[in-house]
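Everything below concerns the one structure shown next.
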Amino acid sequence: MPENIIIPISPDSLLEEVLKMKNSECRLVQICSVRLEEGYELSYSFGKDYDLYNLRFTIGDDEEIPSITNIYPTAFLYENEIHDLFGVQIKMISVDYQGTLYRTDKKTPFK
Amino acid sequence: MKLLTFAKTELHNLFSKPATRLYPQEPRVYPERTRGHVENDMDVCVFCGLCSKKCPTGAIIVDRAAKTWSIKRFSCIQCGYCVASCPKKCISMRPDYTQPAGEKSTETFTQAPKDDQSAS
Amino acid sequence: MNFLENPSFSYIMLCAFRMKMRGNKFKGETVVIMEMIATLMVFPFLAALLIACAKPGKLRDGLIFCSSIVIVATVLLLCINVLQGGKTQSYLMETQMLDRIFLIAELGLMGLVFYYGIRYKRYYILLLSAAGTLPVVWMEFAGRGAQGGDHIVVDYLTLIMCLVVGVVGSLICVYAIGYIKDYHKHHTEYKDRSSFFLSMLFVFMGAMFGLIFSSNLTWIYFFWEVTTFCSFLLIGYTQTEEAINNSFRALWMNLLGGLGFACAILYSSMALHIANLQDLVAAAANNKAVIIPVTLLAFAAMTKSAQMPFSRWLLGAMVAPTPTSALLHSATMVKAGVYLLIRLSPALYGNLAGVMVTSIGGFTFFAASLLAISQSDGKKVLAYSTISNLGLIAACAGVGLHQAVWAAILLLVFHAVSKSLLFVSVGAVENITGSRNIEDMHGLIVRLPKLAFVMIVGICGMFLAPFGMLISKWAALKAFVDSKSVWLVLFLIFGSASTLFYWGKWLGKLVAVIHRSAQLKDTVRKSEKGSIYTLTFLVIALCISFPVFSNIFVEPFLSQTFHDTIGAIISSSDLNVMLLMLCMIVILPVTVRLLTFGKANKRVISYMAGVNEGDDRTFVDSFGHEKSMYLANWYMDDYFGEKKLLKPSLVLASAIMTILMIIVIGGAI
Amino acid sequence: MSKRSIVPFGPHHPVLPEPIHLDLVLEDEKVVEAVPSIGFIHRGLEKLVEKKDFNEYVYVAERICGICSFMHGMGYCEAVEHVMGVEIPPRAKYLRTIWCEMSRLHSHLMWLGLLADAFGFESLFMQSWRMREKILDMFEASTGGRVIFSVNKIGGEMKDMDGDMLKGFLKILNEIEKELRELSKTFLDNKAVNSRLQGVGFLTKQQAHDLGTVGPFMRASGIDRDTRNMGYAAYSDIDFETITSNAGDSYARTEVRIKELFQSIDIIRQAVEKIPSGEIAVPVKGFPDGEYFMRVEQPRGEAVYYVKGNGTKFLDRVRVRTPTFANLPGMLETLKGSQLADVPILILTIDPCISCTER
Amino acid sequence: MNISKSPWLLHYDGSSCNGCDIEVLACTTPVYDVERFGVINTGNPKHADIFLITGGINSQNREVVKQLYSQMPDPKVVVAVGICACDGGIFKDCYNILGGVDKVIPVDIYVPGCAAKPESIIDGVVKAVGLLDKKRAEMKANASVSHKED
Amino acid sequence: MMFLKIALYLILAPLIGGLLSGIDRKISARFQGRQGPPLLQPFYDLFKLFEKQALVVNGVQDFFVGGYFVFILFTGCLFFVGGDLLLVCFALTLAEVFLMMAACSANSPYSAMGSQRELLQMMAYEPMLLLTAIGFYIATGSFMVDDIAKSSVSPIAYLPGMFFGFLYILTIKFRKSPFDISTSHHAHQEMVKGITTELSGNILALVELAVWYEDVLLLGIVGLFIVNMQWWSFLIAAVVCLFAYILETFVDNLFPRVKWNSMLKSTWLVTLIAGGVNLLILTLVH
């Protein structure tokens, strides 16, 4: 079975790396956030055929990351979800629900 | 005709017996594996409380002191985890269902005192 | 002040009439009638003169009001007098001098057209105008024209037209008093030339009276051209780019029709030696060549009544203030066209000229009602509806059968009343809400209940049983079936179905019950109100009393024209049924309230998929915010849009018209 | 004012099997704009890993959705098994394969019915669901549940299917196949049905790729990818070909799904033939430590199960990316410019499952 | 005439996992065919007598459920189908689950099961139907009382 | 006599209409392989609705629905006492407009969309309805139902095309698939319940009842194609009506719901071809 390939990157190079994925004809599979003691671990998964590439980086609690909706417009659902549930700050999501994608009583329950 | 492809099925249905199961007039016979409700053989239970601890919805309450085993039927999701984890294998899954009701009731079973049994 | 020339001419005419009449030995009663006719033909021009000179203010308003009353009173008196006499009257056999005066006026009119043509650099206008006027003038002066024949004829059709023009026209003038004030309040960008505007309305009426009383073709031609020119001035009132363009479009189309009219005069005078409309129609039975002027006149009539290839001028006329549209659409102008067709209709029976008129009319009815579906501008819908209804009238006239003409006349009357009501109410709404878009009339029943009610009456009058238009449509349908015109029947049924759609959706918009807070202040002025309610009353009264109307006016005219009498077009049992329906509609609200039914009803908010916010106006949108719900009607632009349908319809209609005209005229020659 | 209506569509709406909301901007009935909103079914079950241990969580995982319940349980189990390095017995693999395909059968049949309902063909809906009941009966006989099965556990399966049972199933499948042939004629050949499907909701291959679509929705646009080819469960032993179509419209999606129905029947037949005897589960010791992205082909397409353990009995994170979540942008794309009457069809051609999406 | 002869349903999927949801739908299909009892799945609160809810209540659908309930004419009966609708089920510990349907509207009948079987749903509906008649009788009695007071 | 006829219609029509609706539901169920509701189910439904509280969104809804109801009844009476067929068509239109206005007045999205669709349906079937009346007129020389029913030959002999066309639009009028676009007997409509979305309780009951009256009226027109002077022709007509009704049920279960544009196009085309050609031939021959 094809393996999970995890590519550690730095948060600053996110857009650059995503662009590389785009250029090599990858599709966006998912974006996932894991709550750490302090900050978050983010994985951006891209698929090509049956291979899965995961861009992996961690950010601090108040760090902001850029949205990749300019490159992958379909990322807006993932990004909004991460923002709503984890409280990860994401800049300039195109179609930003601003916390109303999931209208939970308890804001950012995973935080 | 390409417009009437369904006519055959339609007419066939009309002239054959409907597929309807006439429940509740005719009671349904469930296959044996059907997970309907759990039952505890109270005589065997040792009130270890494992089932209660494992139950994902907290439907089982075990009172060791009073020797009671209660189940909230309207919380049980028939997952069978209690059945699988009971060390005495006294819980079993039965095919028939808890009846709908106007209130969410709890069923409590008490273990008959053992000596009583031997006495009679 | 070029337009003043018309009134001054008319004053001369009035004197001439008086002189003439003294010369003739009429019985007293006829003299009275003649006086009244003269009044109707001349008084509006005089009134116009005074109004034009007056300053905006109470005085002017009073003047208009009184003039309108005078006109209505005269019309009513005339009707009573003529009806007592009970027969067709004709006057003025020899009027050399008057004829001359008309010709000079004609030239004056041409001069005016030239002036505007040059001023706005539309030189083709000069050509069209000259081509129509000069030959006729030349013919008359050269003495080549036919002589004799009546110049003025009063029969039942004249009376009907008089009533329409006089009553509806005056009501619109009264309405205009208040309207134009608000209009300029809202549109400060336009120069206030309201005196000019109001006076033109009277000129228009005068011209219409002239047209319907005249029997001499040259006279009719003159008044015909006056209406053309008047409408040109009215359409261009605001002097915006668009208004000027549209006014010139109206001008050239109608001048083209006028050209046809002129040709008809030339031919019938010079070749047939007939100078009079009635004689021309009468001659049709035994003279094949008559079909040529008849066709040409029909052509002229169809341009004037905005039939299909020429429909665009009427739509363009929408740029003018509402009273103009109301007047052009209901009482005057376009009605002149169909009036002429009705006059011609015996000569159209069973020949190709008739086929031309019916096919163009039928097609116009159908195409215009389809086009109306895609319009959201209230006035545009009304315009298309006018075009379509005129098409129906034309088709009826073209069939040339007793029943069909009955239908045509009733259509004409009902249309005039209902349509003017609709126009004035749309205008009033526009002055209050600032929009005449039907979408903006959403919930009018709550916002402006009175106007909405009036509008509902008008709309029902246009398409629903048991109200006016439907009755005539019904008769038209029967007539088409009886005349075996399969195409017309098909046009009619499909056209009516589309009519149903666009009126229905308008009706739906009006009756939407929206939140109370949307209520607006009803700022309709007194004069407007008076006119609106009178028209509403007229619509309802006509619905109830049309059998009487038909009895007194229409049937006598038909038996005169067709020299036979046939039974009631709509049987009395049907009439009773319809009366019953009317009564039911009236008592319905009462009964529904009286019945216990509905007492236990509970008010709830409307269903909005479970995300309604508090009341019926808003819902929770995808971002969790409040969003106001908005409902629009259907327009089906992809199917019935102007982009889709207009061009092909125009091309098709032009083709039909050209081909048939060539065949008819070529065949006759 | 404009000729546009702005109306809410959903969350409660009879054509929607599940709540989702769209702000629809309509011109006549043409959809000019559709803004989606989800979250009406959001429960937050991913966070339950903090309260339920990794064994117990199987019962939560399979309740992510009552349609694709089996594969949710299985996908989660396989992910944990990967993390823990557990190799399950071959018979269990085959059992999983059979149940997977039965899930696909019932899900696709259900979808066919709902689609028929969306274009207003009630009797076709009834017919499809009537056939589906047979599959449910098979499920009930083999697992004890009709929609929630509770047979997966980490390390294998909890229930077995004996030879007689499997043979009986094959017989039923033969019947179903016959009925399905008849049914597919109406879906694929009927002119009136075609007019509701063909050209509706068109999506090009490029769009399908860019929008990250998965499953039959994607395959109908001509992309050849089926996660089963990765060979989880027993798929590496089974012979099947990925089904695609190039048309890219709702018709193509119907066609692909109908063909997949036949394919599933075929796979079950192969599996029944090859199924080895032996144990159905292995005992599992210890706690998961590590992470894994498991992908399985759900009826609606590729689902991703991300599991991260920390060596205790409570996992750090379970994350499920369901196919509908990935397909939503594609659906929104097809909605633009469609007719209101097509909206139910368009919503359905991706075969949405909102409870999967929102978890 | 008994109302019970014509119970019309409104079905809303709270936050169910779809399990109970499709079982409710399955009840209308040939094998179970609840139309035998005159049941119609109306899809419109204003036509419905019985409100069938599957799944629990979460923060986002709370208002929706309340609103749909308020838009149903009296007499009406609420049936909570499935353990989720009864008390939140396996999700009751989730941060976004408030609990069963009874957290926001009064529930008349609880249908247990995860997923509730079509048979129990039918039983539940039959029970609900009985309640409908009772409620209507009460409504009538109340109405006549208030009439007399007028 | 006239009053007797009216009374008979007013009493019998709902019974027949309800029964037919019961048959429809039963047979539909059987077409779908289901057991189906009891035959009298429509009556149970109606009585229940009358018993229920009505929810309204404003005060004029019941007025419009009242208008719809009254005019449907009126139209039916007009037909069965032998009135003018054209007037019957017009009165029917008036009634429908009332219903449409009831839906519009609610000012709610689904009911408003339903009303637009309803109007569209009217636009679709209206030509054929009028054409049918015209066909009768040409075939028998009268618009009066009384006279038509007394013709020596059954009108259908002259009007086969019209008969077909009428059956075609009957699908719209009966709100059967494929043309049940403005509101439907089936659940799962993109329109929710379309024009009846905001009606409930006894107001909805009135609409249901009116539909039964209307169904009988429409079947009356179907029968009118068949009847002639002979008494037995009425029996045949009754059989044909029943058959037509069941045919509509069959069709209902045979087709998907089409989109409005297909409905409009196909209906107008059928009107033009079946009706128009029939009309053309009739006028040429007569």
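Note that the chains are named A, B, C, D, E and F in the order they appear, and that numbering of residues resets to 1 at the start of each chain.
We take it that contacts are C-beta pairs under 8 Å (C-beta built on N, C-alpha and C of every residue); 3 or more make two chains touch, one makes a residue touch a chain.
Values in this document were obtained by computation on a predicted structure and should not be read as measured data.
**Student:** Taking contact as defined at the start, I'd like the list of chains shared as neighbours by chain C and chain E.
**Tutor:** Neighbours common to chain C and chain E are A, D, F.
**Student:** Determine the set of chains touching chain A that also touch chain D.
**Tutor:** C, E
**Student:** Among the chains, which is located farthest from chain C on the basis of C-alpha centroids?
**Tutor:** B
**Student:** Please indicate the chain closest to the centre of the assembly, with centres calculated from CA atoms only.
**Tutor:** The chain sitting closest to the overall C-alpha centre is F.
**Student:** Per the contact rule at the top, check every chain pair and give me the one with the most C-beta pairs in contact.
**Tutor:** After tallying contacts for each pair, the winner is C-F.
**Student:** Where the centres are mean C-alpha positions, what is the separation of chain D from chain F, in Å?
**Tutor:** 43
**Student:** Based only on mean CA positions, could you tell me how far chain A sits from chain C in angstrom?
**Tutor:** Going by mean C-alpha positions, chain A sits 69 Å from chain C.
**Student:** Once you find the CA centre of chain C and the CA centre of chain F, what distance in Å lies between them?
**Tutor:** The mean C-alpha positions of chain C and chain F differ by 38 Å.
**Student:** Could you pull out the residues of chain C that touch at least 2 other chains?
**Tutor:** Touching at least two other chains: 600, 602, 604-605, 607-611, 620, 622-624, 629, 631, 633-634.
**Student:** Considering chain B alone, which of its residues make contact with at least two other chains?
**Tutor:** If we look for residues of chain B contacting two or more partner chains, we find 3, 6, 10, 13, 18-20, 56, 77-79.
**Student:** Counting only residues that touch at least 2 other chains, which ones in chain E make the list?
**Tutor:** Where chain E meets two or more other chains at a single residue, that happens at 12, 29-31, 33, 36, 41-46, 58, 60, 64, 68, 71, 73, 89-90, 95-96, 114, 117.
**Student:** For the protein chains shown, what form does their contact graph take: line, ring, star, complete or other?
**Tutor:** Per interface graph, the chains form some other shape.
**Student:** Report the complete set of touching chain pairs.
**Tutor:** A-C, A-D, A-E, B-D, B-E, B-F, C-D, C-E, C-F, D-E, D-F, E-F
**Student:** Write out the stretch or stretches of chain B touching chain F in their complex.
**Tutor:** Per the touch definition, chain B meets chain F at residues 3-4, 6-7, 10-11, 13-14, 16, 18-20, 22.
**Student:** Would you tell me which residues of chain C are touching chain A in their complex?
**Tutor:** 622-625
**Student:** Spell out the residues on chain A that touch chain D in their complex, using ranges where they run on.
**Tutor:** Interface residues on the chain A side: 1-2, 4, 25, 27-30, 32, 34-35, 43, 45, 49-50, 52, 54, 72-74, 76-77, 85, 95, 97, 100-104, 109-110.
**Student:** Quick check: in the complex, which residue numbers of chain D touch chain F?
**Tutor:** On the chain D side, the touching residues are 5, 7-8, 13-15, 28-29, 116-124, 126-127, 130, 192-193, 195-196, 339-344.
**Student:** Give every residue of chain A touching chain E within the complex, in rising order.
**Tutor:** For this pair, the touching residues of chain A are 102-106, 109.
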